[in-house]
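Shared between the two complexes below is chain A, which pairs with chain B and chain C, respectively.
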Partner chain A sequence: MIQLLGFILIPTIGIIAIILSKILHRPLSEEKTTLAVALATNFIFFSGLILGFQSFSVTIVNSIDFSFNFQLNALSLPFMLLSVVLPALALLPAKKEITVNKGLFYTLYLLIYMSLISVFMSNNLIAFFIFWEIILISFFFIIAYWGEENRKRASMKFLIFTQFGSFLLLGAFIIMFIYTGSFTLTTIQSGVESIPFAVAQVAFVFVLVAAIIKMPLFPLHVWLPDAHVGAPTVGSILLAGVLLKMGGYALLLFGTLLFQNVVRAFQPWLMWLGIFTAIYIVLVASAQTDFKRIVAYSSVLYMSLAFIGAVSLTTIGTYGAVFIMVSHGFIAGMLFTIAGIMKEKTKTREINTLGGLNVKMPFFGMFLMLAIVATLGVPGLSNFIGEMLSVLGGYAVYPLVLIVLLSILIATGYYLNAAKRILFGNLNKLFVSLTDISYIERFQLSIFSFFIITLGILPAIIFNMMGNI
Partner chain B sequence: MLYIILLPMLLSFILIPLIGNKRFRSDAIALMASGITFAIALAFLFYYLNHNLYENFTWFSLGGLSFDIALLGGNLNLIMALLVSFISMMVLLFSVFYMKNEPQERYYAEMSLFIFSMMGLVISGSLLLLYIFWELVGVSSYLLIGFYYRRESASAAGKKALIMTRIGDIAFLSAIIILFTSLHSFSIPYLLNSYSMINPTLLATSVVLLIIAALSKSAQFPFYTWLPDAMEGPTPVSALLHSATMVAAGAFILVLLSPILYATNLSLVIVIISIITSFIAALLALKSIDFKRILAYSTIESLSFMFLAVGVFNTGGAVFYLITHAVFKSLLFLIAGTLLILLSTQNIYWLKRKNLSSSWLYFPTLIGLFSLLGIPPFMGFFAHLSLGYTFNIAYDIIFAAMSFLTALFSFRLFFTVFHSSGERLLKPIFSFLPIVILSIISVMGGILLFYLNSYLSIPYSITLPEIVDLASVALGGYISFILFYKDEHKTGIRVFLASSEKIFKISYNDMLNAFGNAILYAGKLANKFDFALSSFYNDLSDVSFKASAFSRRFQDGDVETYISAILIGVLILIFLGAIFI
Partner chain C sequence: MINLNTQYVLATGILFFIIVDLLRSRFSTNNKKIMHILSISILVVSLITELIFGNLNTTFFSMTQFSYFINGFILFLAVLIYAFMYLTYEEYSTSMDLLFMFAVLGATLVVISSNFVSLLISIELLSIPSYGMIFFEKNKRRLEGAVKYVATSFISMVILIFGISLVYGGAGSLNFSSVALINYVPLVAGISLVVVGLAFKSTLVPFHMWAPDVYEAAASPITSFLASISKAAGLIAITRVFFFAFPLAAGFIQPMFVILALSTLFFASFLAIIQERIKRILVYASIAQAGFAFIGISLLPYVGAGAAVFYIFSFAIADCLVFLAYTIFEEQGIKYKKDIAKIPKISRISTIAFSLGLLSLAGLPPTIGFFGKLLIFQSLLVNGYFYFVIAVFAILLFSAFYYLSLLREINPVVAPSKSKYKDGYHNLRYREIILSVLVISLFIGVSFVII
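What follows is the complex of A and B.
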């Protein structure tokens, strides 16, 4: 058995080591420390998948039911998989990009790493909220200090939007506490019936708006593209890979699984919110010429598919929602990594100025093609399962959901166009001296590909990680 | 056990990137794999005909529903598997000749993936698996069509092919979702037995969606434009994808799912679309001057014959025509490919100057075209016998007109390319061998009809309309002889060609482009709106910045202000705590 507390302890040791080395002026490579932490965390996570995990609980304040209670719920493990693996994979772009203030960066990075994992295993809502806030604040600093263009404005936008969502979430938690007398998730789940319908509606709307901001959905998605373009590659990988999934996780755990009656009452509206967001966002994405923006907008498409699956309240839809979030975590991570490599090599991400890169960089082309094909939901790769299950779940309760598949068609159009502009055609003279990606980059992208292909062929891995819903 | 058929090509796809070009030649691996596939398919046909094998595997199950992938070994599936593996083998053989100067690993790996997907498609026993392979066929064809990626037109053609067929994929997925929600099973045999349990409206909707899927994959009206462009790919790719396999998949699923098709009275739609398509294709073939493009239009026309047969409740005829078409069309494509490599042109008027009548390709071309035209005793004649079995008088007349047009463009091709004699072409073994084998089958293959009719229930008869057809072919051939062999500068035909171009090519492409532009325009509008939305929030934040500038006054560095603020805060906290705790 693996003690869940380990996921807190290992990053904490890393943080202490980095801080001590700064204070004592002992040379210690921050990158190597962080890598060691990441590897250790991965090791205990995958051992835990085989051996099982042991819960941990320590009460801090009894009167308001504040404890650090780490216990896996039905949704924990798939999201933990993302939050354990992706930050480790994002270290490679981080090593290249982060050249100033490394000590602070890796401290924040490990803080995020620890909190990400903890968010998904916290059974106590106060603890959940604390970790949630640590992530947002630390991420704000990452964009603000190490970001690219317009980072100040992007980081402020990110902070204001997501903080607003956090407070709504806190409001929902307080409502739950008032009526069930507990901040413990398992207690709330069993006592949720005692919340009157009118209050439950309010609580659900709080959670919903928080999720609309965090996932994000129309009309509160505008912070996302700016944050992505502003963030360094490592930030984008974390943002699309895990941070957005926190919104989906909160929606499932505190929204649809808790307030099923309320969801049923609003179901057609919620479905249309998902459908509209999907169609709207692919139209917006089709007008973009910056590859990173294309990927950023497209993340909203997959989150809205997850939203449709989640609000369908069917078993298939719920599993589909979780699956598409996990799958999109890896695919978006891969696409953002590639966008970062592209920027590093060619100094641009404008698809109209690129061209013919496949001539010089066949491995780069292969991985980009794989990621694009995966993101378009081609069977055998992971997104297909998620898309199919989410739409299947949505169709079972609201047949018009099938319209949402049109968005995938439009996405096919602009992604293939991007692939053609970047990879195919004649090589632009500016790029004659390009070299293919390095072995370590190939290794990193292969790990992404490994997860994408494995989950696409053996989706039961994720389903078995989840409990009964 | 049926999965054994799929293993060799899958292994080849995995092995070529790993060991290809290092220890083994990629072409050898792919060729060997396809040979083994063919042998296995033959063995299955030999041992399991009429056994209706059905093997079910559960992929995963959720909420009491199982997502099954099943393999089906009915007569249709096994015969299709044999056909696909045979044509693949021939094409790979030809590729050794054609692709010898191209990147081997990439070509053979993509080819293996394609053949694997196509083999999987024809033996799928569950809609889920069928869809999986259907999509994989689409993606691998995208890669193959865009093989010469440095050429702008080739990568554009690949993109176009995938987007066009993806319309059908989306329709297919929707149909599967509807059927699965109604039946709680993906199994095809179960679907064919119990479709009566499905709500008729839902059944009709899903059939319409399936028809759209088939039309887009088979390049029928209104989706046909991707196929001629796809000729940008290497010729062996065209020979495989656009004769026997990918485009035939559309007709194949309609035949496979014909019981639900016939339960919904939608077959007339298919008939009308196929007639429209065949006329457009024949006219476009008549004006084209590119050998491969003429074959592409001819393929669209032949596919529309299959759809026509399905539409008139003659699935057996459709299948036999599919088999026949696979043989003669891949033969003709291989001839075009050989000419392209040896003489480096596929323009028929340039080929005319090469004096090809005395070359060894003269008779294979003639055989292929005679088979296309249904002239006895070639294989196509027997296909026409079964194709026209259930035609009524109206269809007979239409079909005779079609035969006339087909003869016109076929003989135009023939008389132009083989105009005069003189040149003696090389006989590269890897091109000669498949062409000869396919020619022999095109000549003798007709007897297969009498062998297959008991397994696939292919009806056939020699009737008066068949003789009328032959007469119209002869007429077409004669007119073609006068127009194109004796003198191609007749003004009448010029006017005719020009008008056909105006009617069908330009306006229709404009329409499609307009549709694409409309989506792009909608995207631009949405983007503008999104920008406005974003700046709206920016304005909001400016207001809050101003507010913060106001509140900043309280943060004046005066310790007393801070202490009083802290006190007020603590008081509020205590007050809140008293309420909640």
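What follows is the complex of A and C.
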């Protein structure tokens, strides 16, 4: 059995090592320390999948029921897979981009790493909220200190939006506490009937708005493109890969699974919110010329598909929602890594100024095409399973959901157009001296591809990780 | 041994200090250092006796379930602030020690007074030394601040006395427990005036006008004292009065409280955004904190004093921390918002402490600021104030904006330069230790949550 506390302890040891090396002026490579932490965490996670995990609990303050209680719930493991693997893969772009003040960066990075895993295994809502906020603040500083163009404004926009969502989530938690007398998730789940319907509506709306901000969905998504463009590549990978999924996880866990009768009352409206977001966002994305912005807007599309699956309240829809979030985590990570490599090699991300890169960079072209094909939902690759299950789940309760397939069609159009502009056509004279990506980058992108293909062929891996819903 | 209460010890210590000071001038030694160290030890001893023997318990001063905890943290902060001030200035008159100790004695008495007369006297014992402490060095800016503080304090005192006399006229008693039994409508005027008088002390809008000028004019360690201990004492006095003296009246005076709290939050948060000087931003931040604490106080009849007391504790620690950390930056000429990029160059530990203090004031976990706000939200939602909660969320966003827009300007890349502190390098290290103690208490303070 693997103790869940290990996921806290290993990054903490890494943080202490980095801080001590700074205080004692001992040379210690921050990258290597972080890599060692990531490898150790991966090791215990995958051994835990085989051997099983052991819960952990320690009470801090009794009167407000604040404890660090780590226990897996039905949704934990797929999201933990994402949050264990992705930050480890994002270390390579971090190594290239972060050249100043590495100590602070990797301290924040390990804090995010620790908190991401802990968010998905916390059974106590105050502990959940603490980890949730640590991620937010650390990410704010990563954008503000190491970001690209317009980073100050982007970081503040990110903070204001997501912080408002966090407050609403906290409000929902307190409402649950008042009616069930506990901040422990399992106790709340058993006592949720005692919340009156009117109050449950308020709590659900709080969670819903928090999720709309965090996932993000239509009216409150405006922070996302700025944050992506402002953040360094490593930040984008984390943001699209895991941070957005926290919103989906919160929606599933505190919204749809807990307040099923409220969701049922609002179901058509919620479905239309998902459909409208999907259609709207692909239209916006098809007008973009910056590759990173295209990927950023498209991640809203997949989160809205996940939203449709989640609010369908069917088992198949929920499975689809979780699956699409996991699979999109890997695909978005891969696409942002590629966008980072592209920016590094060609100094631009504007698809109109690029062209013919496939001649000079065949491996780059191969991985880019694989990622784009995967994100469009070609059977055999991971996104297909998720898209199909989510839409099927939505169709079962609200047949008009099929409209959403139109958005995938438009996405196919602009993604293939981007691939054409970047990879094919005439080679710009500026890029004749380009060289292909290095072996370590090929290795990194192969790991992304491994997960994408494996999950596409064997989706049961994720479904077996999930409990009964 | 029962009489070895902290107030007795502190008062005896002050008398002892005066005698030693007289003897010192008789022997014409000019070594003030010994006197400063003596006053630190007096404060430490009174903290220890507080922890062991508790507080005074007589007719005029009686303990409540919270006074042990409140006086504990007031003395704890007093020791740290005094040590910090000593390390910062080193050369100052011994009258400063006396003023500081008298003010601390006044603050500890405010917390436990159970009668309007003793409350008034304790508040004056806290205020009058504060005037002297603001006029700490002879320059015009400090004098201006001191005079402003004297003027507004006298006005607030007069209003308070008038309110108390009206309460006496209605209730026929000045004892909190006797007043609590009377439900008499003309009391409203008296209660309102008492609120106004005490609101001056705890800087609630619209009685906050003196605070930015006075806080800015004072030396930063003194500002730290005013913003944490003095303000906490004022808010505790309001808590005490409305929890014990007017529990019936507090029901119908609640709308006034809510309006005061919300207007304090709104005005302070908006005014903080447009400030240019760092110290003024911090001052407005501390005014906004008083507004939050006042929300807790306005809900006293329904949820008890636990939330308000814990909130006062949490913001006192954080306020004390940011003003003390700012002292170190101010010495190197960091005064405006645009200069804040340079602060890691001066001292890294102080920068981290300053940032964590601001994050605690903004209410971000896992600091105690978050738990304080959690309790406040909980008391609001228990009573079904959903709209009020949304308004407070919006204000919290504003405050998060100005705290973090201060923090994002910090440039973490610059390396610290030690050359500036050739003489006072150890001095800086000692002060950083004090800041670290406060930072640690920002995190372990959560174990004092009391409901």
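The definition used in the following text is that the second predicted complex is superposed on the first by the 469 of 469 C-alpha atoms of A that agree within 3 Å, B and C clash if a C-alpha of one lies under 4 Å from a C-alpha of the other, contacts with A are read in each partner's own complex, and residues count from 1 in each chain.
What we mean here is this: a residue touches a chain if its C-beta (ideal position, glycine included) is under 8 Å from a C-beta of that chain, and two chains touch if they have at least 3 such contacts.
Note that the coordinates shown come from a computational prediction; the quantities given were computed from them, not determined experimentally.
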> For the overlay on chain A, clash or fit between chain B and chain C?
Replying inline: clash
>> Output check: A:46 vs chain B and chain C. Expected answer is one of first, second, both, neither. What do you get?
In response: neither
> Given the touch rule stated above, what does A:178 touch, chain B (first), chain C (second), both, or neither?
Replying inline: both
> Taking the superposition as given, does A:284 touch the first partner, chain B, the second, chain C, both, or neither?
Replying inline: first
> Which partner does A:388 contact after superposing on A: first (chain B), second (chain C), both, neither?
Replying inline: first
>> For A:156, using the defined touch cut-off, is the partner it touches chain B, chain C, both, or neither? Pick first, second, both or neither.
In response: both
> Looking at the overlay, what does A:167 touch: chain B (first), chain C (second), both, or neither?
Replying inline: second
> Looking at the overlay, does A:413 come into contact with chain B only (first), chain C only (second), both, or neither?
Replying inline: first
> Does chain A have more residues touched by chain B or by chain C?
Replying inline: B
> Is A:63 in contact with chain B, with chain C, with both, or with neither (first, second, both, neither)?
Replying inline: both
> Overlap of the chain B and chain C footprints on chain A, residue-wise?
Replying inline: 63-64, 156, 160, 174, 177-178
> chain A touches which residues of chain C in the complex?
Replying inline: 359, 364-366, 370-371, 374-375, 377-378, 381-382, 386, 389, 393, 396-397, 400-401, 404-405, 407-409, 412-413, 446-447, 449-451
>> List the residues on chain B that touch chain A in their complex, please.
In response: 59-60, 62-65, 131-132, 135-136, 139, 142-143, 146, 149-152, 154-156, 159, 162-163, 166-167, 170, 173-174, 177-178, 180-181, 516, 519-520, 522-527, 530, 533-534, 537-538, 541, 544, 580-581
>> Quick check on the complex: what are the chain A residues that touch chain B?
In response: 63-64, 153, 156-157, 160, 174, 177-178, 219, 222-223, 226, 280, 283-288, 314-316, 319, 356, 358-359, 369, 373, 378-380, 384, 388-389, 391-392, 395-396, 402, 405-406, 408-410, 412-414, 416-417, 419-420, 423-427, 459-460, 463
> Along chain A, where are the residues that touch chain C in the complex?
Replying inline: 60-61, 63-64, 66, 100-101, 104, 126, 129-130, 133-134, 137, 140-141, 144-145, 152, 155-156, 159-160, 163-164, 167-168, 170-171, 174-175, 177-178, 202
